[in-house]
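Both complexes shown next keep subunit A, but they swap its partner, so subunit B is in the first and subunit C is in the second.
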Partner chain A sequence: MQSSSAAPAHHAPGVPPVPTVAAHFASLDVQQHAARLGMWLFLATEILLFAGLFVCYANYRFMFPDGFAAASRHLDLTLGTINTLVLITSSFTAAMAVHYAKEAKNRQVVVMFILTILMALGFLVIKYFEYSHKIHVGQLPGPYFTDPEPSLQVAGVPMYFTIYFLSTGLHGFHVIIGMIVLAWVGFKANRNEFSARNYTAVELGSMYWHLVDLVWIFLFPMLYLI
Partner chain B sequence: MSPSSSSIAAEPGAVPAPGEHHEHHPSYLVDGTTVKSWLLTLDHKRIGVMYLIWVLLFFLVGGIYALVVRFELLTPGPTIVDAMTYNRAFTMHGVVMIFLFMIPAIPGAFGNFMLPLMLGAKDVAFPRLNLLSLYLLLGGAAIAIWGMLNGGMDTGWTFYTPYSTHTTTTVAPILFGAFIIGFSSIATGLNFIVTTHTMRAPGITWFRMPLFVWAMYATACIQVLATPVLGLVLLLVVGEQLFQFGIFDPARGGDPVLFQHLFWFYSHPAVYIMVLPSFGVMSEIVATFSRKNIFGYRAVAFSSLGIAFVGFFAWGHHMFVSGQSTFNAGVFAVLTMLVGVFTAIKVFNWVGTVYKGAVDFKTPFAYFCGFLYFTVFGGMTGVAFATASLDVPWHDTYFVVAHFHFIMVGATIMAFMAALHYWFPKMFGKTYHEGWGLVSAALIILGFNATFIPQFLLGNAGMPRRYYEYPERFQTLNVASTMGATLLAMGFLITAIYLTYSLVYGEKSSANPWNSRGYEWLTESPPPTHNFVGPQPVYKDEPHFYVDPEKAEVPDAV
Partner chain C sequence: MSAIANESFKEAQNMQEEHHGGAAKYAIIWAALMVLTVVTVVTGRMHLPNWGLALALVIASVKGALVALYFMHLADHRGANRIVFITSMVFVVLMLLFTLFDIGTRFRPALAASGTPIAWPVQTGQSMPYSTTGTNEAPERRSHE
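Up next, the complex of A and B:
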């Protein structure tokens, strides 16, 4: 049945208020179920967005196997690996935020999100160094490719860098969005808005961050390793 | 649903909200009359009405472009516009009709309005996202229209590369507009899926959902799964236009066929985004006006999902002549024909429903007849096309144009008009003049045939699509087609006039003027703001439960 609100008339002072249910939902459970389902679907669309790039990569790797192999050897494996570790760790802290949210420890949620955001920042800084090196030596997309390095004078190398910059760029854009989302949820946690019963925003925010991590887990071997 | 709501009786602990027991419940139309109360509304019904207004406007814009194209082709040489304007006109006709009318029309206007009512819900799951999706549509449209006034685009709505990355017309804003419109489509689809999963009232099980809801659900799945790929490919083309990356440009090592794969991976399913909602509308209408329970409910419901599923594996039939291997062509041909099987299931079930029904031949039913004819005729030409060897001579001729207009435009327009007339009393609480309804339906169906049958013949005779000039011998058929288009336009004009008139001067409608068993008729016409007043309706029958007229006497006699 569609009742309009689940807020009880009394609650102890200091305890965060039990969340209200939007008027069109039958209950808090239904509302949270809807929010989660919506987020899963949204994440599916994000993966499909990147899937288009993966298809491009596969197609051109097939067309220019030598060029792609040569170009991928010119990526900085060390920096890439560090970045992978940074992101995996940040995914862990994001998960910890949910764990603390379930126990209504808003303070720890804030700390975990700050850590996550700091690591995201670290990721971007490392990416910045990688990019500036590439720009410096002219390993740029398509017509802008100017690197005179002999081992890179193979058909398909400029195409490789096109895909490299497009996919890491799109991923970097998602990192920035993720940072904004986590900052906003962290801000709400700082205002004690979450309780053991209602921490949907924390959960959804960290789900988004796992997506950012997951996409990178695909990009890293695709671009750096093979 | 929550565990506590599995029974049909009212939830014991539910405290009525303050103000719930007032005698007077204003309809959603008059509950708040300021401009702001409309523009910022979160009510799915108002959002649906706003969608309706906008898609009608876009339909008008697309229609004007169509008439420019048709009148240009009245004579073999230049007629009313120059060649470049002609190219821009058919491109914008396609872009506006597909992205701004056919895709959002039925889900946006009728899906938004009816889906929650049919599920016994107070609203969609995410009302804010719903409003956002309307404004994304309008924002995308504004950008695209800005582009089209500042240069326009001459690539055709398919944006094929490498031409689209080399033309000097303003491709980027129009593609970017389409990209944003894609987000709108995803948002609507996502909202409908979640709504269907979580907002069903007690008693509405999956197999008691009205068939319109099933169709919207299947459509939403396609919207969510296919649109992101289109989004990416549009971004790549925009990037390529601005920076000449060469992803799809053979001169730079790129692969234009890859563009076609990615584009059709969306755009073939997109044709089902356009027609599945019409199948849903028609399932409702055929039951209501035959006064019979829908024949083969489950088959109709599952065939929507079946179409959505195999629709994802058929895209290669657009590339039979792109140099794909014979093996691929064969596989795609067979997969394409599978779509026909699922569509046929629906057609047979609709016919089975009408069979021995007590048919009430009202305007929506007239459109149903037109719809059945366009779907079967257009679908058969699709099966013929799926035969790779037949596709080769027909490809990119007017035969393709006629095929997709018959099935996609024919079916969707029939359903849109049927829905508009069927739900008009529900949405606005007014009735319209039946006679005018039937006259304009006849005119539209006739006009449609007169427009596109000549195009089948033209295509078969070898006239290519998207050409500005043509040999003398094609003129008679082109004149016939243009006359048909004029007739069609007149039909729409008449409808616009009497519906607008009815909106203002029409008689007040009863809650359920068609005596329908659809769930959306269980509330007043027009519905109050929160959809239902007082205790929620009880759902214990199937959604299209009409007594079989043959057996109706039996219970009475007992």
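Up next, the complex of A and C:
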């Protein structure tokens, strides 16, 4: 039942290694099932982490609907839309990486993850331009809000920017973590590690990236489209 | 083989017929997500008065469901994975609804049966350093520079 625990680094090039099954799992399938379930549990905690900010948003928007609408008009919808399309496309390439990993096409897995990471980088660059503009005109959280723009002198506007920076900042942090995770799994793919028997790391890494996309799918209409 | 391992075998068999539609399915989902993004931007630009937010949230939920079901393979999986995801969603909705109920109803029971707040949000003097448009009697205890 137990397979040999050969370290992945020692296998011959071009031959995917036999995945290690830990002693407490009956089979490789069960081990992979447990890994996936563990990832879902972790993603559930991530969803609830972001949900806290969604609840803040909902409550303050209920209290200050006019302020939130006024502040939302000052976000760059074009940049936000481009970022949404970039992130959805990067999610697609991450899904394709899983598809190729199942077929043991490690070369394509590497290509797909490089594309995903490049798009993640593009997302962050666009986010940097949005942030630097906001900082430049003083559309900042709470007491740091200094924008003299007349249409922004409405109750709730500084609160909107507090939530804007907290939620997009936390999301951006997840983008960076996701890039690191995908780069790590990409290195493993570069060592030809994945095959139909063992693609757990690709699948779970991609799941993390899809969660980042999932969160943005909700942040985008909340922040940009009200 | 121990009892635990046998249990695990049963699980392994339950998820055996987990299969993958392949690249075409991902491409279709990707195209659908792109189209839905354009739709939500176009409808969001119109600033629909009453149900604009509801429509945006419905579109976002459809997009989220597509990502979770097909990109994250929830459509292929059985049992525990789905339960974990659905449970987390249920708790998000509970957290959202109950805090909104609280905010939405907090001061109303304190009013006389015929009384309605003149302005909403009601000025409490507690945590709202902004002057609202209405004329509530509550004194402003805190001014914010």
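Basically, the second predicted complex is superposed on the first by the 212 of 226 C-alpha atoms of A that agree within 3 Å, B and C clash if a C-alpha of one lies under 4 Å from a C-alpha of the other, contacts with A are read in each partner's own complex, and residues count from 1 in each chain.
Criterion: a residue touches a chain if its C-beta (ideal position, glycine included) is under 8 Å from a C-beta of that chain, and two chains touch if they have at least 3 such contacts.
Treat the numbers as computed from the prediction; the structure is a model and nothing was measured.
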Based on the superposed arrangement, let me know which partner A:Val30 touches: subunit B (first), subunit C (second), both, or neither?
both
Under the stated touch criterion, which partner chain does A:Ala44 make contact with: subunit B (first), subunit C (second), both, or neither?
both
What's your read, subunit B or subunit C touching more residues of subunit A?
C
Per the contact definition in the header, classify A:Ile226: touching subunit B only (first), subunit C only (second), both, or neither.
second
Between subunit B (first) and subunit C (second), which, if any, makes contact with A:Phe64: first, second, both or neither?
both
In the superposed arrangement, which partner chain does A:Gln108 touch: subunit B (first), subunit C (second), both, or neither?
neither
Which partner chains sit in contact with A:Ala155 here, subunit B, subunit C, both or neither? Use first/second/both/neither.
both
Please indicate which partner A:Phe218 is in contact with in the superposed arrangement: first for subunit B, second for subunit C, both, or neither.
second
Is A:Asn190 contacted by the first partner subunit B, the second partner subunit C, both or neither?
neither
Which subunit A residues come up in both lists, the one for subunit B and the one for subunit C?
24-27, 29-30, 33, 37, 41, 44, 48, 51-52, 55, 59, 63-64, 143, 155-156
Can you name the residues of subunit A that touch subunit C in the complex?
24-27, 29-30, 33, 36-37, 40-41, 43-44, 47-48, 51-52, 54-55, 58-59, 62-64, 77, 81, 84-85, 88-89, 91-92, 94-96, 98-99, 102, 143, 155-156, 203, 206-207, 210-211, 213-214, 217-218, 220-222, 224-226
Residue numbers of subunit C touching subunit A in their complex, please.
1, 4-6, 8-9, 11-12, 15-16, 20, 22-23, 26-27, 29-30, 33-34, 37, 40-41, 44-45, 52-53, 56-57, 59-60, 63-64, 67-68, 70-73, 77, 80-81, 84-85, 87-89, 91-92, 95-96, 99-100, 103-104, 121, 128, 130-132, 144
What does subunit B use to touch subunit A in their complex?
1-2, 4-5, 10-11, 13-15, 17, 121-127, 129, 186, 190-191, 193-195, 197-199, 201-202, 224-225, 227-229, 231-233, 236, 239, 243-247, 252-255, 258, 261-262, 530, 536
Which residues of subunit A touch subunit B once you look at their complex with the stated criterion?
1-5, 23-27, 29-30, 33-34, 37-38, 41-42, 44-46, 48-53, 55-56, 59-60, 63-64, 141-144, 155-156, 158-159, 162-163, 166
